[in-house]
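Okay, so chain A shows up in both of these, paired with chain B first and chain C after.
Let's look at the complex of A and B:
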């Protein structure tokens, strides 16, 4: 009885944190359905007194919402597919082969995680503009298609595949390509989906690199479009910005609702050494 | 093309028989490493070296000629007053990020793991939600919540006769708000990593200490924290390395480094020099210094985290 009461006390700070984390999101969604007038005058009410879709309609007049969403979706899909394929191939090499210089190559891959984006952004900008890919989704996606952190996640996942399975397939003279395609990938399917979901969410939200490459409004992704609605001098039309943000958070939320268990497992495993 | 190639090589190597296999160089793994190797070379390896090269020149990103200036740009990093302020701000950022994004999530993960019984799941699920969203969303939300004139916090404070300061006019207040925005995003992520580390400590060790009558806080301080060292150092380093890059987004959205570079840091100043002021040389020197700082952190990671892994084996 006493321990129960004690643990109840500990729930108080935790529930406060939940409130601080979740309330802003709820207010954001609520404000997106308020008029500008209501958003000032009934700022603290979570349920809009005169719910309206006006912000969404205005938004759709001001920017090509479908185009911007498709841009974001296309870019995120490209990056995700790129990271999954390069990551699986590299992880397979590290996990199932012994070769000269493996430790050094692995170390270089890991070290790339510690390269700050500012150290590579100027040359990458020059490369992408030389390739004539400014204002182009491919210009955003290409430099991000390989991710050492992703390779590590795939490696972690592959550790659960018994090495004897690969060895016996090799004895049966099954080509390596087929071992990867027909044995490893089917076993790792849940991991690939959850790691892919993490990749997709991350590049859906990506801001820094696209902001350098995409200057033309027609090529904007959602984070760039949202940034355009935030004025640093004040005077931001918050209901409008919040309507755009609400649209923006739907896909990551949906993915999370569906794959929550797998995503959290992948995140947890990435920290365990 | 590539897969044909791999197949051909496979046939050759399988014909050469198992006896010779061990002796000759195995080239198959390199085909698997090729796609990521090419991408990493072009978009990380080459850029790192080219930035190093550019740091010895004065250039404006467009002009056909670059002026060689030796180590001048590096001397500037430590003597130019703006650069020095930005370096100092970077240290402040690191301090605040460590407290907000490492110490606090660690305390909370200890509470969740040791003090509340078995209801961990809902907290994990709920704390993680903001990690799903863009920092641009976070920046927008916080500039609404903390708007000193019309934001909800300002209105509540007004009822109690208090005022919210114009934090965008003060470098140090802006730094705190910007760090808070990244905290909103990474709190749940770091919390889960640390909680998993705590959960992997064998229960019987903790139970044994409890039976011996050792108070809980001593068990945590003397047994749990040391045993969780490799995970916590990993999260600590991640907090600094990722955190300094995360603050870029709210900085660019809300203050653009202002007022008067007061909220800028070494990474944002690199961007400003490179793409706004077109001082590519200064930007590249700052970028290289940042890289060196991160390499030191990498060395620490290898010493504590990878070393800890061997220990665990």
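Let's look at the complex of A and C:
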């Protein structure tokens, strides 16, 4: 009885916090199913009085939803794969090779985590434009394909793998590339999935950098399309914007639900988001 | 026995990690082809480091290692022809027993049929056939140890290194594993280097034992000589259980006298030594205890009797300063006093300061 009461005391503030987080999402979803008229009259009611799919249908006519979603998906996948592969390679080298200045190089890498994106935005933009990659998905993805936080997370994960595994394989004359591919990566699979999921979600929601690079509407990602829609065409049509936002959160939500176990593990063990 | 083993020679090999602490100091060692040499020493003595240098996992900071008459710096892992079993077995957790055994062979393109034949033989001999499709996490310590051993065997190398491979398994299984290892050695004739801190294991396995302490080889010889003829006090103390008795004595006119004046031995052979003060070592089984007085026996007080079944261990007081342990096959007396006699041939004398043997 005592424990029950105690946990109840804890649950009330926790429930309140959950409510604060989840209410705007419910609000967004419910409004996406309201007519414009409905939403003006009862914007705060959670259950639409006349539920309709009209907003979604209109959206599909006005913007090329499939195209934009594919763009976002392609960009996020490219960035995620890039971050995973560069992160794994770098972490493997930091962990298993001896070379001069290793600690200094690692420190410099880690220090880049603390450099705000806004400070490198302009130089990055100039490089990408010189490479003729403006308005190109590759231009969005390229500067993000290596990430110090990823290296650090993979390195921490590799430190938990006994060194004797790599040593044993080396004595057996297994090439380093095969040690990484056939031994280390399979062992780190849960870490790769969770870190990859976080990368993917972050990349999916990316807004500032793609805004700089992507000018052409055909190459827009979902966050850009949403912003564009709100500020120009659908600015006054609130339910339409909410429908687009709802579409946008589905994939990250799915990833989160599917890989929840892995993601929570990796966040709680690393202390990082 | 035909030998498939490589010789290994260490010439002035040293290793330090931060230029101040020497883990290995100018080590010289010659390991014969096909020999089973055991590195014995307390933890942190440098025996594993030596093994790792031979395996090529660490580079010596001085001196050189010569494997099969070639400088190891010029050899790649294949030419070294080394297999190694780690203390934690280092089995690949993502592969089954069979895949673990097969992996190195597969990477080196050994034909599938040959792989299968070789591995089936090994699994048969190590009793692993029924665990073939299990993952390491589903195996017991002893089974994992056998897989690790099998993985080393599968490669058919000329040198086999084992780093405390039996320390994580039950005592009952250890003896069996030792036998398997000896059998394997007899069959293949590889040069085997075996690291352990367990002196019994070292005695049971080694053709020769290299006793190592503080990065220095204290003695390298057969188990018999290491036990009966230790080169210094450290070796004498490290090998043997219960430990050797050590008494401070004075050498005076062919007599060995304890510091509190008890004459232990008279008419001892002549020794040349400036310092009259020495350390006398005698193993517990070389002290005979009897209830009756004999010539030259010394009266002692019996403080405690520990029954080990096979033998009894007596804790005896010779003088207020001198307490000894003695082993005897039987002791039924309740008497508090008895008579003790040293087996003169088994007396070991050491320098008091350096611990080196003098006699």
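Note that in this section the second predicted complex is superposed on the first by the 259 of 273 C-alpha atoms of A that agree within 3 Å, B and C clash if a C-alpha of one lies under 4 Å from a C-alpha of the other, contacts with A are read in each partner's own complex, and residues count from 1 in each chain.
Note that contacts are C-beta pairs under 8 Å (C-beta built on N, C-alpha and C of every residue); 3 or more make two chains touch, one makes a residue touch a chain.
Note that the structure is a prediction, hence the values are computed from the model and not measured.
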Just checking: does A:165 make contact with chain B only, chain C only, both, or neither of them? Give me first, second, both or neither.
second
In this superposition, which partner touches a larger number of chain A residues, chain B or chain C?
B
So in the superposed three-chain picture, is A:132 touching just chain B, just chain C, both, or none of them (first/second/both/neither)?
neither
Just to be sure I read the superposition right, which of the two partners does A:183 touch: chain B = first, chain C = second, or both, or neither?
second
Where does A:173 make contact in the superposed view: on chain B (first), on chain C (second), on both, or on neither?
both
Which of chain B and chain C A:249 touches, first, second, both or neither:
first
What residues on chain A does chain C touch that chain B touches too?
173, 175
In the complex, the residues of chain A that touch chain C are 162, 164-165, 167-175, 178, 182-183, 186-187
For a test of understanding, state which residues of chain C touch chain A in their complex under the given definition.
55-57, 76-78, 82-84, 86-90, 92-94, 103-104, 107-108, 155
With touch defined as at the start, can you tell me which chain B residues reach chain A in the complex?
3, 6-7, 10, 14, 25-26, 28-30, 32-37, 39-40, 42-44, 46-48, 50-51, 54, 61, 108, 111-112, 115-117, 119, 123-130, 132-137, 139-145, 147, 149-152, 155-156, 168, 184, 187-189, 192-197, 200, 230-231, 234-235, 241, 244-245, 248-249, 252-256, 266-267, 270-271, 274-275, 280, 283-284, 286-288, 290-291, 294-295, 297-298, 301, 305-306, 308-309, 312
Interface with chain B, chain A side, in the complex: residues 6-7, 10-11, 13-14, 17-18, 21-22, 24-25, 27-28, 31, 40, 43-44, 85-87, 89-90, 92-94, 97-100, 102, 105, 108-109, 111-127, 142-143, 145-146, 148, 151, 173, 175-177, 201, 204-208, 211-212, 222-223, 226-227, 229-230, 232, 234, 236, 238, 241-242, 245, 248-249, 252-253, 255-256, 260, 264, 267-273
